[in-house]
Amino acid sequence: MIDIKNLRASVDDKEILKGLNLKIGKGEVHAIMGPNGSGKSTLSYVLSGKEGYNVEGEIKFNKKNLLELNAEERAREGIFLAFQYPIEIPGVFTNNFLRTSLNSVRKANGKAELNAIDFLKIVKEKAKELNIGEEMLSRPLNVGFSGGEKKRNEILQMSLLEPSFVVMDETDSGLDIDALKIVSNGVNSLRDPERSFLIITHYQRLLNYIKPDFVHVLSDGKIVKTGDWKLALDLEDEGYGQFIN
Amino acid sequence: MSNGQEFIKNYKQGSDYAHGFVTDIETIDVPKGLSKEVVHFISKQKKEPQWMLDWRLKAFDRLQSMKEPDWQKPKYPKINYQDLYYYSAPKSLTDQPKSLDDIDPEIRKTYEKLGIPLLEQKKLAGIAVDAVFDSVSVATTFKDKLNEIGVIFCSISEATREHPELVQKYLGSVIPMSDHFFATLNSAVFTDGSFVYIPPGVRCPMELSTYFRINASNTGQFERTLIIADKGSYVSYLEGCTAPMRDENQLHAANVELVALDDAEIKYSTVQNWYPGDKEGNGGIYNFVTKRGACRGKNSKISWTQVETGSAITWKYPSCILQGDNSQGEFYSVAITNNYQKADTGTKMIHLGKNTRSKIISKGISAGHADNTYRGLVSIHPKATGAKNYTQCDSLLVGNKCGAHTIPYIENKNSTSEIEHEATTSKISDDQLFYCRQRGLNQEEAVSLIVNGFCKEVLQQLPMEFAVEAQKLVGISLEGSVG
Amino acid sequence: MENYNEIKINFEKFINTFKTDDNDLEFRKKSFANFISKGFPISRDENWKYSPLVQDLKKFSHLNNKKTGINALPNALKENFDHYSIIFVDGVLILTDINDTGLVIKKNNSFLKSVKKAGENPILNLNNAFADQGYLIELSSNTILTRPIVIYNYFSKNFLSSFCSSKNFILLNEKSNVVVYEKTIYDSSIEYLITSNTEIFLAKGSKLKKYDLNCNNKHSTIFNFVKANLDENSELEYFTFSENINSCRDESIINLNGKNCFANVNAIQLLRNNCNHEIKLQINHNEEHTKSSQFVKSALYDSANAIFQGKIFVDSKAQKTDGYQLSRALLLSDNVKFFSKPELEIYADDVKCSHGSSSGSVDEESIFYLRSRGISKEDAKMMMINGFLGEVIEKITEDKFKNIFFNKLDHYSNHD
């Protein structure tokens, strides 16, 4: 489904991704682990189209090269980035934001936009499944949300937008066990043969709840090892030392 | 460090102004008043070249059509400029001393009282001192050592003779001669000050400093300082002042110009503790100073740090003109006013180049019947893309007979800039005081601790030697104001 | 200085025919004399330092305040909820006295002159000299009005005068409550000077909510002056929405004279083209335990200029004051300018006062977040700007008016 070829990314003349190659098939769940500074966040930003990076290479998705599309175009194609630190946007109400976002994506895909009533029905349902209180929906986006609430909001968006490729950037950072379970349940319930996941994480813990098909180690801007879920356990025991030059 | 320790010893003797003494010494006095003759006299005493005299006379002419500004908050009784002496120098210094042994012993005694160990060169531990005694430079220590690495540190008079090209190039280039009344007055009758030049790539190995002292009555101090940091150089300059007890107000209208070229950095620190007037508000120094730094070069940086605890009226705005791309300006200030002191101080950060940065941290403490105003300007020119400013002004009030004010002017003409300004006002809370006292500190110590905590961010910027002195000064300035 | 001969002549003409009592006549002549002695304000005057009026008032050497033919307020502009109306058309007050239980609305004929300090503000002097129209709203004690009062200021295409002044009074006696909504609509395309001077007195325990809408004025120069005196336990909630206003100074002085009174002042500046809008606000804490909050947000496009001067003054006896001020500006085009002077003048120590002012462009991180959810760059920016300004509208406590202003925001941000 997604084929990343020789991806290079640099910021201010400093190269962070140094020729990354990765293939992710439909319905697969891949995990990327790596020490700090290996380029994990950069990878997620470059995949989702954040400006400010010099990027070379190719990202084939749905017969298109993602690098030729901007951020919202990629979102409308079906790419979703679950942020490590979801942004607070005062004054922009969560409900309003969700509806605008969903309708933009629907419109781009030839679907009819939802009116307020229909949208509210859908979002309330999904919110209930994820244990997100309704009152959270009428607050400004992420403002005053706890770490766990912010992450749950990300999962809610994922469930509403129904993307085909999900990148999760250290979703588990700052979550306690209960929040972790809720997030993982949410993600697992969205697993689908037509949907792929790329989970970027520092710790192995999340992978106990979301079992990956493949695990890769990212070190110094490149993937240096690939294995199955057992690789994650090895890393837990031995650390990243063996991969750092 | 003997300087700091001397001061601390003096201050422990009580909160009365410890340096309240006068040196009885014959002084050459020019007749009173402001006239062309006086300007000529000053220039001749300094043995200045003709171009310098011409410059002074031009300023004198310009002065005739200028008026004192009146927009500042602290009002002062009208100054009769014809009633002041513009030059006063101890007789024994008419001819330049050949070595330190040539100095008048009375003057040397004065310096010892002030804690300036001119005679203890070895113990100075790296501070070269240019000690100004009333209008003439007495000695410049370490001059030779600095000369070896090409650093010029001398009196401004000497510079006009030995390094005319540099002086001519930069004097008046940061503070134009006719910028405002006091700047023009200074340009006509300045009598001395420091000249510093750091050559390209040199990091000045020691902190440079100057001590002032105003002695004879009715002598305005008109010092002129010019510091030039050439490409890639660094210098840290300290300025600390004391003055004796007097009944009449004394005027101090100095001009300080800083120029930083590409990749250069100038750090200018001031601890000012001039006679603030007695507990009833009589006497005290008027400190009307113009200080301006030009970040001419790319990546240049100028930072002003000041601890102002003295003077009856403090009126100064050390400023930075950020011309070079990526240049940075910083202003850290603690201004303490007690009894009947008044301060109207702050800074101006003028953003002209691209990607310039400025940071302003101002802490004002007001007690007794004092009045303390922060006045600042942050100006972003339409062409100054990517400019960033952060300003934090905090005021601490002690009692309800004093005033603390914040008047920031923010002029943003570029949409890619980011300006952030915050100001808060608070008091020394009873809870805080009780907590300290419950832990064994007495009232004075508690106040000192709390106030030092309030000013920490600024005091941290001072070079080590000054920091100790400053902390003590801060605590002492508020003695008797709480409780 | 400028040539004020024409203005002098017009004043003579006016004062000789204007019917009023001797005290008022005296006061007007004094105000006018004060105006003439100082003339229009100059930028070197600290109070007018950044004011757009300094430049724009130069156009008005010929202030002619004659009344042109009476037109009517178009029905389309009338609000469709139940309300009391006060209507100004082309500077003339069209009003039949209202005498309901607890409420009196009538023409301000006695022109109570409580602004005695003539000489300080030149435009106020001008207003005090010439103002011949105005309303008086008075609520008797314990009157809680459920019907809001709407003040319409309408300038029709037939307005040909160059100057109009009004002087108004709102008096709330003890424990009374009312909502006043004032909207100004400009259909006229000539240049004229409008000065309005409203004095508000809030007696113990009374509450006034005043909402002002000032939109789409491409030609005239406006000076709006509001002075409010708050007594113990009274509350003023004051919100202004200024959109695309050519040249204007909104000046307010709010005196907190009684314990526990509270002034909550909020404003939006949404400016395009060459608009030049100034807000000058001074809140004086004159008594203990008083509270104030100022919240101003500005969004600037094209070559617009916005000015905010907000001052919190705390008297030495006003201990336990709680004063807060926040101003934020979004600079959305290359040629916009924002000037801010948030001032604190504090003489009491047991107080909580703070202010903050920031300006810059829209946060890039937030835009990226919205785009990553499929929202286009332009829409994302618009969402952020509306959200930014919307935070001020959130402060409105009357839901009906909150909705009105959210709709206005929507309407004005989508139109050029």
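Lettered A, B and C in written order, each chain numbered from 1.
In the analysis below, contacts are C-beta pairs under 8 Å (C-beta built on N, C-alpha and C of every residue); 3 or more make two chains touch, one makes a residue touch a chain.
What you are looking at is a predicted structure, and each value in this text was computed from that prediction instead of being measured.
No other pair of chains shares as many C-beta contacts as B-C. Each chain gets a centre from the mean of its Cα atoms; the one farthest from the centre of chain C is A.
Chain A and chain C have Cα centroids lying 49 Å from one another. With each centre defined as the average position of its C-alpha atoms, the distance from chain A to chain B rounds to 56 Å. Centres computed as Cα averages put chain B at a distance of 44 Å from chain C. Residue positions of chain C touching 2 or more other chains: there are none.
Listed for chain A are no residues, as none touches two or more other chains.
Those residues of chain B whose C-beta lies close enough to touch chain C in the complex are 71, 382, 395, 397-427. If you check the complex, the residues on chain C that touch chain A are 364-366, 368-377, 379-380, 383-384, 386-391, 394.
Interface residues of chain C, counted against chain B in their complex, comprise 46, 316-317, 319, 329, 331-361.
Remark: chain A residues 48-51, 70-72, 74-76, 80-81, 83, 86-87, 89-93, 96-97, 100-102, 104-105, 108, 140, 157, 161 touch chain C in the complex.
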